[in-house]
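In the two complexes below, chain A is the common chain; its partner is chain B in one and chain C in the other.
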Partner chain A sequence: MATIEAQPIPRSEQWRDYRRAAGAWLIGPGLWIIIGAFMVWAVFAERDAFVVGVVAGSIFALGALGLTLIYGVLKFGHFAHGDMMMLSGYLAFLFLSGFIVGEKPGDQLTILPVTVNDLPGADDPIWKFSFGYGLWVAMILAGAAMAVILVGLDRFVYRRLRVRKSGIVIFSIAALGIAIATRATILFFWGPSPRLYYPGIRERVDLPFDVSLLADQLFILATALVATAVVYWLLFYTRLGKAMRAMSDNPDLARVSGINTDRIILQTWIVAGALIAVAGVLLSLQVQLDPELGFILLLPLFASAILGGLGNPVGALVGGLIVGITQEVAVTLDLPLLGDVSAGYKFSVAFLILILILLVRPNGLFGAKV
Partner chain B sequence: MSILSRIPWAGVVAIFVVGFLVFGVSYEQTAGALPDGNLSGAFSFFVLFLTFVMIYSIFTLGLNTQWGYAGVFNFGVLAFFMVGAYTTAIFVKPPAEGELQDYIGGFGDALNFAPGLQTDQWFVPLVGTLAAGIVSGILALLVSIPTLRLREDYLAIATIGVAELVRRIAIEETWLVNGTRGITGIPLPLRDLVSRGDEKYLKLAIAAVVMVLIFIALERAVRSPWGRVLLGLREDELATAASGKNVTAFKQQSFVLGAVIMGIGGSVYAYTASSLTANSFDHFTGTFLFWAMLMVGGSGNNTGAVAGVFVLWGFWILTLQIQGYDLGDALLIRVPYIREFVLGLLIVLVVLFRPTGLLPQEPRVSIWVERRVRALRAAASRPVAASAEAGGGDT
Partner chain C sequence: MSESIAPARPVALETQDMTTGYGEVNILHGVSTRVHEGEMVAIIGPNGAGKSTLLRAIFGLLPAREGTVHLHGDNVTGQRPDALVPKGLGYVPQVDNVFPSLTIMENLEMGAFVRRNGLAERADQVFRLFPDLAGRRGEVAGRLSGGQRQMLALARALMLDPSVLLLDEPSASLSPKMVGMIFERIKEINDGGTAILLVEQNAREALSVCHRAYVLAMGENRLEGAAQDLLDSEEVGRLYLGA
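Entry: the complex of A and B
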């Protein structure tokens, strides 16, 4: 009978274990220190870009919040998220003006008999904003429409795949198909040229600490704050939120605990639809309506969500802000080797953040389960 | 069992005939009467069509190696497409000169080491294509390191990022590949062999030869033990890992191999198009189109990948012809978008109702098993034949 002797652990493996332990302790705080230092430096050195970054970041945070909710409850990467955001921006545009593209690309054609702008005083600018209360109405309508669209897609596409117990890759490919079709729908109705909700000069407001930003951007920040607050209240203080978090944690356990998972999934799509619509309208206000933007938007959205840990709603908020600020500050830099960073690289910065975080901390800053 | 016998010939012939007829008709509509008859115009259109079927087949074969066989996601085919095309351009073109030209490299003259042997006709393009494959493979390796050991969708989003980064770099960095002004005049290999009018046949021949070579190589590869590990990987990663296979390494190999194939495809595209402009590449024609082709054709099946290209590129070209008809401006400017919508819809419908695509994947066994079975069958049939002969002799 062979005896089993205790083998000494090889030196190399010992070192590997030490390195891992040290890495786990160092990387977490180390990352936070690097990010914090960068933010502090950006506040003083590149204040304008920092402020714009906060605005962009709050939009990304809203988008990433929706992405991470869908991921948490349904467990797949929603690759149609960016295009859906763009579609909701265009839907708000349609509700506002009733316009689609006519015979020639430049023409406009009114297809809605009644539009939001027909309401009395709907397009009179409030305070220093470039828009009136009509935009809020349009945003709510777009949110409702987006919820209907997403629930419909779930009924006809995702639920069938769920019933069949398809792998996450199949879900993602279906989402890609939907993204392509969504982009084509936007192009079909509104044409390829970018648009604005309201043309005209945008007024600036001066804030303390030498900060100046567009009035519209102030609105974006405020709306994003309110929307996030509502979602957090929903997630952490209601039965729905509790059920959603339970499903995110362990779907099977949630089901046996008597949670109606089908209903929670539908409600998740509705919440996500509202978030997508708010994020989409705010984004269109901040940049412009552009059908080509939707797909590329996936980069900052996923970067934000993964940075905060996919499925972690608080992380999505922090991740969105970090990605937004880094993007805006990075394109103002004049790097020693690479020279001026062109503004065209904005979304590539998000990609680089994504790669970095995947290299050092694939579970995100907060170490969520993946 | 040869590759030829597995192609559904009746279907291919039917598509050819229908396609040719439609081209003839539509060409008559658009171009009017030509002195040498409409058929030759339609024919050269058809040759162009086939050339692009061959080139795009290379990409779907590459994508099939990644997604169809190993289940590795790649939403950034565009990155490897562009890297392959531009690497080839840099390698086969002479150095940049003149005000409007600016790109790195330009090794064409340096590689032409023996002009007497006409190395510019065959050696330089060969190096260009190989370099395209290698550079594209290195890029894939770099992308795969941080992402491949993680969940599948992380790689997908990373490849989108790479594609966008490559596209941005090509547009912004004018010193690299001349930006949106583009690189023109990429020489066609073996061009001196044919007259100027016959260049289109040469292009078709080159694309077809490369495609068929890759096809045969892949068919061998997926029947090897290596290919069966990939299949197992796609079906059940845990089981494959449990049987002692290094899952990440196999995924990495298939991802890199697929990227090399895509790089070669980009290279053939560069020769065919002969000019590359940074803003002519986009995510739709560079990535989504290939996904739709592969999904429709049948993922996990090389013949299906080619058939998917044939069907969808045929659809693409035929709908282009619709624009020749008088439909009114409102519809005409929207034809491209309807087409894109149909492609997106097709992907969803295939996923929902026919996950196997047009040509389902066949049950695969090892070539060794196939050979053994054939040998056994032969051995089993021999005595029967012999006894039959003997019986015949008796009566």
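Entry: the complex of A and C
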């Protein structure tokens, strides 16, 4: 009787099966386990960097939230987002101090007759912060100005492209052009050297669990939290927010339902303007006012938004935090062969995350939209 | 279900000599249709006859190159959906007709976007027509089955209690059992007084519930008449019903 011998599986096929299994694990639960393990490790091993990362991440999350809202409603990558954040930081600076640079180095040209700092007690530091209530006033004014600017840009640029039914690439290149023009505007009015809202000593605060933060960073975290909560309330509990989500889901059906999509687009720009201003002022407070910063910021912003899935507001928040924490923790690492990772590599970490997520899960951590 | 009562009523929606198309090509060449108040009218015809294009042109999604659309006697040619919806015209597209990441209740809210009050009461009325949806109002629409989605699409369009409803292939890609159920619901909607103009590939099913029908071919009116007469007609049977 002939016996049937088991055919040995060729080695190449065996490897291919292993690779497939590993790939499936990596794009499935593995990704979450790796991220979770990294976060838990970072909390214990690199607590200071982790906390700074949460602060940076909360700013990224605000930026990515605006990016994702604009993508959802208008369906294009808003490449001017980082520079608009920086511009709103400078606008807040203008409302506070009232001056722009003059012709000669060191010159100051006062262009506002009344500034926020003229208000009584506006720059008296509150609690342990480096600023007074003036910064809040300036932030609100910057938000209003940014809303006007973005609505104006929509009228003169994006709406014309919509009428012509231009493709997504044309929109994004237009946004890139606006980004460059915005940066040039900042350089023209405020010069290339970085600035601070309030020079002076920044106080630290000690928190439980061996955490120590600048008081200003605590303010950044709290403000980002409140702003995020307001955006979620807007998106899930108001007529406007639901219409924005509906447009993000299915713009044609939104139009067919009788929703005035042009008006929703304008209102989206207004919301985005407010978000950009809050994120921009917080960023300027955390780092400094720097004309180049906006462009550099695009990378972590897009990495955050894509990590969370473009158009997904909850994802933007998670993505922002992951990118922020990873960036800060990564540059404290002492890697074998490579040695210390210099702080200058911070933004290449965002780039790495962006490449990895596009390779492994191009629709973001939360997968495709339902 | 006879023709005799219909023409006595005033005209709700009238299209005259509609000519339109995409790019350089005209798809419709002077199509005229008429729907009386409370009437249910089908547009049938082979693939590419321009049936869906006609609905899109009526609803202002495609500019009319020639011809007019009148709604309750008013000329509404070329008006945008956000102007037509408040005037009582509703439209259910063939595909992608729900908001997948919104809940069922939010989908209905979007259907009533142009009206701010009375939302809850109207939703309750609509849910009475679609009891399947009532128990799941907090669920995300993307998780619904094909038939339930079609129900939700109808429910969304009913939120403003339109006087005329345009339905683009409501039975497309549904199982035979669901097709019957959807047509039952459409019949109920019509019994409630809403005039319906529906485009159907599924001609036999459509003719069995509608009062009248138009047969379109090559972007032109080919035949029209009472639904029963068309069902009985040899020519229609041979050409469009596969009998």
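The definition used in the following text is that the second predicted complex is superposed on the first by the 341 of 370 C-alpha atoms of A that agree within 3 Å, B and C clash if a C-alpha of one lies under 4 Å from a C-alpha of the other, contacts with A are read in each partner's own complex, and residues count from 1 in each chain.
Basically, a residue touches a chain if its C-beta (ideal position, glycine included) is under 8 Å from a C-beta of that chain, and two chains touch if they have at least 3 such contacts.
Given the structure is predicted, the values throughout are model-derived calculations rather than measurements.
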| item | value |
| --- | --- |
| Contacts of A:Ala243 with chain B and chain C, given as first, second, both or neither | second |
| Touching partner for A:Phe188 - first (chain B), second (chain C), both, neither | first |
| Touched partner set for A:Ile270, first chain B, second chain C, both or neither | neither |
| Most chain A residues touched (candidates chain B, chain C) | B |
| Touching partner for A:Arg255 - first (chain B), second (chain C), both, neither | second |
| Chain A positions touched by chain B in one structure and by chain C in the second | 370 |
| Interface residues, chain A side, partner chain B - complex | 76-77, 79, 101-105, 157, 160-161, 168-170, 172-174, 176-185, 187-188, 191, 295-296, 298-299, 302, 306, 342, 344-345, 347-348, 350-351, 354-355, 358-359, 362, 370 |
| Residues of chain B defined as touching chain A within the complex | 71, 73, 75, 146-147, 150-154, 156-158, 160-162, 164-165, 168, 171-172, 283-284, 288, 291-292, 295, 328-330, 333-334, 336-341, 343-348, 351-352, 355 |
| Complex contacts: residues of chain C adjacent to chain A | 59, 61, 80-82, 84-86, 91, 93, 96-102, 106, 109-111, 113-114, 116, 140, 142-143, 156, 160 |
| Chain C-facing residues of chain A, complex | 239, 242-243, 245-246, 248-250, 252-261, 369-370 |
